[in-house]
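Following are the structures in question.
Below are two complexes that have chain A in common, paired first with chain B and then with chain C.
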Partner chain A sequence: MPVAKCTTIMTVPDHLKSPLIDLLLALADDKLFLGHRNSDWTGLGPILEEDIAFSHMAQDEIAHAQAIYEFIGGMTGKKADEIAFGRAVHEYRCASIVEVPDEFDWATAVARKFYCDHFDLLRLQRLANSSHKPLADLCARIAAEEQLHVDHVDGWIVRLGSGTMESRMRMQQAIDALAPHATWLFEPFDGLKILVDTKVYPGSDSTMYDAWVAAIKNVCLRAGLTVTLEVGSPDEKHGRHGVATPHRKPLLDEMCEVYRLEPGAAW
Partner chain B sequence: MIDTRPIYDALKSIPDPEMPISIVDLGLIKDVRCNPSDMRPGATGGDVNVTVDVLPTFIGCPALDMIAGDIRAKLGAIPGVAAVRVNWLFDPPWSVDRITPEGRASLKEHGVTVPERGSKLPVPGHESQQTVTLSTSAIPCPFCDSKATNLESQFGPTRCRTIHYCNACKNSFEHLKRVGPRMNTNTQH
Partner chain C sequence: MSKIRQQPPITASPEEPLDVAPTGDLKPYVIFTQLKAAGPYIYAGWLEAADDAMAMDFAKEHYGQDQQCVNVMAIDRRHITASDGLYASSATGGPFTVLTQKNPGDLWLVAGSIGGATPQAAIAAARSTMTQAQNAHTVWVALESNLLTTHGDLIWRHTDQSYRLARGYGRIVRAKWTAFRDEKQLADYEKDDLAEAF
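Up next is the complex of A and B:
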């Protein structure tokens, strides 16, 4: 990854450190994986303008991830690359939906981005009001960029949903297929409560889930699509607890291939 | 302390790598601080360390590394400057409102328009609601001032610019995006 953009050294009370790192890893890992998945479309986008747009946004996600990894590095002393590429499979905290391959089906890529971007924006907007000022500043900036991603993907949902019979059918199938993964974006992790209580992550509660469902349904309604979202059992453990889908390891092997050749090499 | 004028002049001479505008006119520079640098071996008494606080446009902009390198090179070449540190900051967030009138004029001349100062972001969904083809926007053409223009792409040659087409003079042009918190939000977020 290129030169550091986020060089602030963090001072965080000890009891908040581990929960905060879990939160930031979830945030950055979601972005790293989604950015990597979406970068597969570079050169293959449906039209030239979209190829460029999708590639820009994939690059945005990876840059956002880098800034967050650097933020974590400010607390742990580790380098962004080491955090991004140097962990074991079970040490990642991304949600399952970003691990799901799209098999170069455009509707799947759009649906995956749709669920993730809306969630990401809500998460960032809440973090932009964090009691931890350096985190709030960074997330306010990232949220502003993420808003552009949301506007863009909403446009695709509406366009495909109200397009031809085929585009509508395929968009509906992708929305349905990913819905069971999508709600696990909200899987609570072990230190979430203390982060909410201390207002490091204010408002990460049912209002956030409700806002997400409302936003998703609103866009689907405009697109003439239907969406059914069901929350899974709180006893289940998924990505936020390190539980990987079968797709994670092959994805990591591909993503970390260069890093593993020579960890610590200058890019 | 050295005269800070050469430092500002040097910054003003650094162009944005992707647009015809200096990084000062683009509003990237938040602050410049000079501290004595007596610690450097062999330093003459008056040398300074310079810290430049810079506001990134987009976090993932690949030009940021080039800009930081240019700042270090240009300022480092000024007599009396011992070391240069580039410090990226997110508060306040960079905005198109930081672009100087001179910068706006230069961009317009090269076919890049900028949102009016203090203008609001479009309300979410307002444009995309109507989209089957990309919607018409009312951004005036920088070449003929016609408002008969279309948005062609939301992400142009760089992530900070959209691409538009003027139906009156048949030219393509680009428009810098306003990013930042929405002034006029929908209820869902």
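Up next is the complex of A and C:
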């Protein structure tokens, strides 16, 4: 059954709305940007079947983002398109890893998807146990699809890591280059504590981080790759606080070009 | 009559047999989908993959998304023996899964399972004992142990996938066009009404 569209104002207590919107914007913005980046590979994948599969999964990410934006819209009264394309650059809450380009290097695209999909799966699994039932139901369905993405990308990490000397070298370079960005997926934001305390976002970030690192290292071990993940300073502000990389604005200009021609146009 | 129709149909068989050997390190797999639980497996298409895991991944992504289905099956072409000699497997022992094509160009269907010491023996046994195989144009057999299936894993997405399909695209786009047209018609009517009244 397709996910039911959110058409009513969600009954979220006022003191939880702002932090929940921040959390969901982070989730949806990550997915929208990742889907957009991965859709660049349409027609350019290394083999035909993977080209189609990668494009499918990019579509999935954008579909997931749309479902989350519609959920946010249920709380704010705004439409999904307006939330997705109508904000200022600093109002997005995506992590830097989904903004940086992959320079059409397949290993980089795979490494980025690897880090992001494992993070997304854990985040969605936490939300699937949310005390807010409509959110839990939505995220449970999306998490089931995210598992497919994780299985798919794990296969590529193992295949390229344990393939030829060249594939291992290129995969290792990509894993190392994106590792500093990857840990900022866990950048804490204001309001996170109240969401954890009220079980809207149950669990703990440290447990989730440990699980993510374990999953990443397990796959890399099978692939014969190494990974070094270091947590940055909690005082640094990055994507979750609206601090953009130089890549965000040109990416938004491209993504929002049609929407900006006539905001609110009916398609 | 067009020039194409004026040309006589090709009747001579090609001088050399069709080359079906795979190239590179990708192997061809034939894919079947099961649309409903306990329903038949029906031919869906082919794909190329480096190994069984990749084949199942691609099978779920490509053929599991065409329409709602509950299971996907992939068979490495090297494991298929065809009654017309196109494919030959060296597998021995059984049981074998039997696949039949009733008429040339028809979809392949899984007919069932049969024993046999060799693929050729299995084909012969299927032809003589299985109704679906008796009058089939072509029969394939493959060792059951060589079949790859999804074992009930998720295939069809939970999120609305109709926009990817022709029928979904047609329904969604038609609805949007109808709404736009009705809105425009209303706007034109109001404009004309104003012009007449004032």
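Things worth noting here:
Please note the rule applied: the second predicted complex is superposed on the first by the 259 of 267 C-alpha atoms of A that agree within 3 Å, B and C clash if a C-alpha of one lies under 4 Å from a C-alpha of the other, contacts with A are read in each partner's own complex, and residues count from 1 in each chain.
Keep this in mind: a contact is a pair of C-beta atoms (placed from the backbone, for glycine too) under 8 Å apart; a residue touches a chain by one contact, two chains touch by 3 or more.
Model, not experiment: these values are computed from the prediction.
Because the two structures share chain A, they can be overlaid on it, and in that overlay chain B clashes with chain C. The larger set of touched chain A residues comes from B, when the choice is between chain B and chain C. When the two structures are aligned on the shared chain, A:222 is found in touch with chain B, with no touch to chain C. By the document's definition of touching, neither partner reaches A:198: not chain B, not chain C. Touch criterion met: A:122 reaches chain B, while chain C stays clear of it.
Contact with neither chain B nor chain C is seen for A:173 once the two complexes are overlaid on the shared chain. By the touch criterion stated above, A:60 is placed in contact with chain B and with chain C alike.
When both structures are laid over each other on chain A, chain C collides with chain B only at 56-64; the other stretches in 2-10, 56-64 or 74-82 stay clear. Chain A residues in contact with chain B (one complex) as well as with chain C (other complex) are 2-3, 49, 52-53, 56-57, 59-60, 63-64, 67, 141-142, 144-145, 147-148, 151-152, 155, 159.
Per the touch definition, chain C reaches chain A in the complex via residues 26, 47-50, 53-54, 57-58, 60-62, 65, 154, 157-162, 164, 176, 179-180, 183.
Residues of chain A that touch chain C in their complex: 1-3, 47-50, 52-53, 56-57, 59-60, 63-64, 67, 141-142, 144-145, 147-148, 151-152, 155, 159, 266-267. Residues 56, 58-62, 64-65, 68, 87-91, 93, 124-125, 127-129, 131-132, 134, 152-159, 163, 177, 179-182, 188-189 of chain B are the ones touching chain A in the complex. The touching residues of chain A, when paired with chain B in their complex, are 2-3, 5-7, 49, 52-53, 56-57, 59-60, 62-64, 67, 121-122, 125, 128, 137-138, 140-145, 147-148, 150-152, 154-155, 158-159, 162-163, 211, 214-215, 218-219, 222.
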